[in-house]
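Sharing a structure here in structure tokens format.
Order as written gives the chain letters A, B, C, D and E; numbering starts at 1 within each chain.
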Amino acid sequence: MMNEKQMKEKVQPKSITSPDLKRKTTLVFIVVAALYLYSTYKTESTLPEFIKSFPRMIEMFGGFFPPNLEYVSRVIPALVETFYMAIIATTISTLLTIPFCLLAARNINTNKITNQITRFFLNIIRTIPDIILAVVFVGVFGIGAFPGIIALIFFSLGILAKLLSDTLETIDMQPLDAMRASGANSLQTIWYGVVPQILPQFVSFSLYVFEINIRASVVLGLVGAGGIGLLLDQQLKWFRYDNVMMLIIVIFFVVVIIEYISSKIREAIV
Amino acid sequence: MRYELPPKKKISTSKKLKYTTIAIAIIAIFFVTFTQININWERIFSDRTINNFSRVIPQLFSPDWSTFGKVMEKMVETVFIAYAGALMASIIAVPMAFLAARNMFRFRIISSLGKWLLDAVRAFPELVFAIIFVATVGPGPFAGVLAIAINSTGMLGKLYSEVIESIDMKVVEAMEANGANKTQVFFYGILPQVIPEFLSYAIYRFEVDVRASSVLGIVGAGGIGFLITIAVANRNWDEVGMILLVIIIVVTIIDYISSFIRKRLV
Amino acid sequence: MIEFKDISLVYPNGTQGLKDINVKINEGEFVVIVGLSGAGKSTFIRSINRLVTPTDGELIVDGENILTYNGRDLRRLRTKIGMIFQNYNLVKRSSVMKNVIAGRLGHTGTLRSIFNLYSKEDIGLAYESLKRVNIEEKIYNRADELSGGQQQRVSIARVLTQKPKYLLADEPVSSLDPPTAHQVMTYLKQINKEDNITTIVNLHFIDMAMEFADRIIGMRAGEVVFDGPASTVTEKTFEEIYGRAIREDDMVGGQD
Amino acid sequence: ACGTSNNGNNAGTNNAGTNNGAGSGEEAGTEKPDKLIMGFVPSTESDKIADTVEPLAERLSEILGVEVEGSVMTNYTALVEAMGSGKVHIGFVPTFAYIQANERYDIEVILKSIRNGSSSYKAQYLVRADSGIESFADLEGKIWAFGDITSTSGFLFPAVQLMQEFDIDSTDALQQDFFAQTVAVGSHDNAALTVLDGDADVATTFDDVRDVLEADYPEVKEELVVLGYTDPIPNDTISVIPSLDPAFVEEIKQAFLSFNDDEEMIEIMNDVYRWTGIDEASDEEYDIVRDVARLTGYEG
Amino acid sequence: MIEFKDISLVYPNGTQGLKDINVKINEGEFVVIVGLSGAGKSTFIRSINRLVTPTDGELIVDGENILTYNGRDLRRLRTKIGMIFQNYNLVKRSSVMKNVIAGRLGHTGTLRSIFNLYSKEDIGLAYESLKRVNIEEKIYNRADELSGGQQQRVSIARVLTQKPKYLLADEPVSSLDPPTAHQVMTYLKQINKEDNITTIVNLHFIDMAMEFADRIIGMRAGEVVFDGPASTVTEKTFEEIYGRAIREDDMVGGQD
């Protein structure tokens, strides 16, 4: 009798989180914080330095204003070139993505071996920074838009295939059951059951990748792949921050417009 | 057996017009793009390319191990820059995200402003931030940390706000139904729903930042990017190969660790 | 006591959710509301704790018209009205305990609740509530690790922890299999009797309505078309509530 | 215009004032930091691009008795801005960057590098041997490749030389009317390679980029020939920020100059930076670059 | 004819889904399977078209053991077995017509189906099926614009388009309100009689089981615990199937 009561008391909770969870949370917190402290040491981060730098930061930002509106006339042609590169790269990588993401999605491709191989390959591509891709392809193909496009294709393929295969893994598998139950083969099942479900994401991810490509081409310009990146580099070297700001504003509008289109398209097909 | 056929689907002419216009516009864009882009195909498929190929690629695949030490050192620095930057961003992005999420404030204008602010931050190339921070806190990895932090804030803020927009508002309703106030609803109804995704995105961002910080070295903001630029300028492709190898291995390890952690989170 | 006086509700999109409702619900009653999908059952229930706000009439709870309530008053009202939902509406990723203690949020200061500083009483009460629905051993499990029936019991425990005067339940058992549904209804009835909590439940199941209700209210197209003690209800009454025959097309907005 | 800055005397004689910079009428600084930050932008007008400033920093620290920290970056905007903020005290600033830095933040040149025994260098025009181009006049209607429009030898000096020769009044006119097309390809190497590949007809680079390329492209010296040279361009600078104490600046200057007498150090500098010595320099020597830059439309 | 011979099924995680099942289902029968959540009803049904594969025994459909089927054979089998699901399993973003014509995928070449090249017959058949369940006017609506009852009718139309010999339905009405559920069951029964399609249905609702079934099979913990004509079934039978009383704790894996 006494024993039972003791047990009851033991069970009676003292706090609303389990002691186990509390211990785990504390541990994780300590690890994260310790790593952070160590990295501030490694990266010589000093908060006072940062605070002291504030006035200068504002002063420098001040140099970006007012943007030089006239510079737009120079930005547009470069932007168009960037657009060409981004459009081609996005289109090609979007097409290339389809087989890759189907192979990489665990619920669609149940063959462990091909699945793992695809994932491994995609992971490798994704680890390579865009600037290295650009540099290597410029080394091979010489200066120009072509190496830039190839670099962007690789770069976006990694991102897109990953995003899409993750989405594929979250689709509603029930309709596929229904297709299979009525005797449809794999291709039919994908076409009728999978495609309609991921089409909106497919489109919006493609636009997202397009946006990333526009931004990545800023980096590509640095290594001679043309487009707005080249302008950015030049104007920074001339200390023409008003022109740089104009460039950024143009990029900003491009990003906003793409986002707007993307949300419109999503609304139209969701 | 013959069956009656269904009526044809009705599409209004205005819709038809709209779709045709869009289709034509898209085709036009592609047409212009592919005809206007300046690519010299002959040049690309020339002996030169083959020469270059055999000059660059074999070296890339025979990494220069003598540089391993310094590459590794810079890579470690890169990882720490990314870590500190991503962590800062993952915290600053939280309030920004709530500001930008459509379902958190009654007034649409707040979320629109929030979204615009995040877009504006994202429009700034990392390199520009890096220059500003090198100028203000001096050259060194700290400038890189700040550049990464502010840039990631833009991206994470956007991702977070999408998470917030997708939460189960019924739970919020249930909290409201038992008399909880806004703050309490936030801590009991909203946070538990979003925290795992937030963490997961933050970790994902950390992975991305490891790659992103490779640009910072160009302006002296630390990290491996500097080695890349110098090696390429000197055409030391075997050193580039070494850098590539180290990046792939380190990032892959981080990927595995982080996907392991993320799996346990959700 | 809850009293609907000429209550109407028109949704912003023009749908008439409620039409001239006049109903008085007494202390301690166990009222079951039945009606087709889209009849306005949820709207009726949600008006009482102002999750929706009727556009016309007066809704009197404990002698005050709650339609004028705002902010603090509204929270005070909600604190004394518990609610149970069809899909349990638990925070899936929080522990059972955290979900249950959320029932006390209305009684707890903001800061205290943020830092999880609950009084021993509150914690004890939450635990007690879990025991009442026989689910105390799952206290630190995550809500999404439980089966449907268990989740619904947690949500009952949450309401018990709130110590409400009134209890609203919007189709509390339609996601459960019959024996489990029966069990959940039994718990509700038991609470209604033991704690004398006035209970209003929406149900799709005719047999359960008959079994548990003191009083049945039938709704159709936003109006009350039947209101009487469960004992006077026959199969025919239901046929009337649901419309003469089964309709050609099922109503708008089938639940799912 | 003919440069007068080409004085090859390596002696430590002090023949130019260090504190009478063109743009600055301000009082001399007083700062004497305990930790000297030195920023280095390796000159791209050199055949080897240094990736470290360590050996220099170490020796400097020994001589000056203060900690010296070095930082290498490949983009001079950040360096100039950091110097403007006082975050970096000494900068190895390339020629054109220097006039901008001086303009913006009164940063003052104290020394300049000596490469191959000379404290100046030239830009060269490279054309393919079989191109038939024999004079500058033949360049009309051709394709011009250069590294970058902010490059002193790659763009500024050749552009002005051609503008003066053919009486053209803007770089835009030069690029659009005189040449059929111009391409900015990022670096001197690339410019030369672009011509080698036949994608452009003439490249302007530092003298002599072909030495660098020879290892990878053995045929380069046969296939590319030099059409002409520009006037001499003063070498890249070692500059300091104005807030430093003049006496301390003098110390720094002497420390650098002392490397000229240090066999071992000269060797290191040659290995790492391709420097064969360090020479004194004054701001006026860079007037020629200012003039040229102004002619190209630089609004300094 | 479908015959289960000593069928057992163990899921990869060790759960015993079916245990020594011996059942014979005759042409044209309307069989209802009842049992608690987790009893194995879905597993039973899904074995018949091999959405799951029993690990032991023989499952004879039309004289052949289907457990050995693979690839082409399997698709041929599935083409003659229609299936209806609790959550309708429609592609939400596709139109009603596209969902219904999907019933003919098993009869159509891959290329033809990808380019939407269906024969006039097939299209007519799809339209005919939609008319049979009275939903032809929604033909070009997107599936997610329909109410639950309407969606379920579309999924019946999809099955009709398939022209199956057998029809499996896994809790076809548990997401619907009673009148709508009744209506859907009526359609199923009607098809069963008019087209002589052997029909096997899982149900949670005792009253409906009694109303529609020719024969009732009761399952508990993977085993068949009752099998007999609906006419011989009493309330007591159900109590036996569901276990004596309502259990203390609801079963594992409550549906939701």
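The working rule: contacts are C-beta pairs under 8 Å (C-beta built on N, C-alpha and C of every residue); 3 or more make two chains touch, one makes a residue touch a chain.
What you see is a predicted model, and the numbers here were worked out from it, not measured in a lab.
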item: Required minimum of steps from subunit C to subunit D, each step between chains that touch; value: 2
item: Chains contacting each of subunit A and subunit B, listed by label; value: C, D, E
item: Greatest separation from subunit C - chain, by CA centre; value: D
item: CA centroid of subunit A to CA centroid of subunit E, Å; value: 43
item: Mean-CA-position distance for subunit E and subunit D (Å); value: 81
item: Geometric centre distance via CA averages, subunit E-subunit C, whole Å; value: 34
item: Subunit D: positions in contact with at least two other chains; value: 75, 77, 81, 85, 187, 197, 199
item: Two or more partner chains touched - positions in subunit B; value: 40, 43, 48, 55, 131-132, 135-138, 140, 218, 235
item: Two or more partner chains touched - positions in subunit C; value: 87, 98
item: Pairwise chain contacts, counting only pairs that touch as defined; value: A-B, A-C, A-D, A-E, B-C, B-D, B-E, C-E
item: Subunit A residues within the subunit D interface of the complex; value: 53, 56, 60, 138, 142-143, 222-224, 230, 233-234, 236-239
item: Residues of subunit C that touch subunit E when the two form their complex; value: 36-37, 87, 134, 147-151, 175-180, 182-183, 186, 204-207, 242-243, 246-256
item: Contacting residues of subunit D [partner subunit B, same complex]; value: 37, 39, 42, 44, 48-51, 71-75, 77-79, 81-82, 84-85, 87-88, 187, 189, 197-199, 216
item: Residue ranges of subunit D touching subunit A (in the complex, touch as defined); value: 75-77, 80-81, 85, 97, 100, 104, 148-150, 183-187, 190, 193-194, 197, 199, 298
item: Residues of subunit B that touch subunit E when the two form their complex; value: 1-7, 9-10
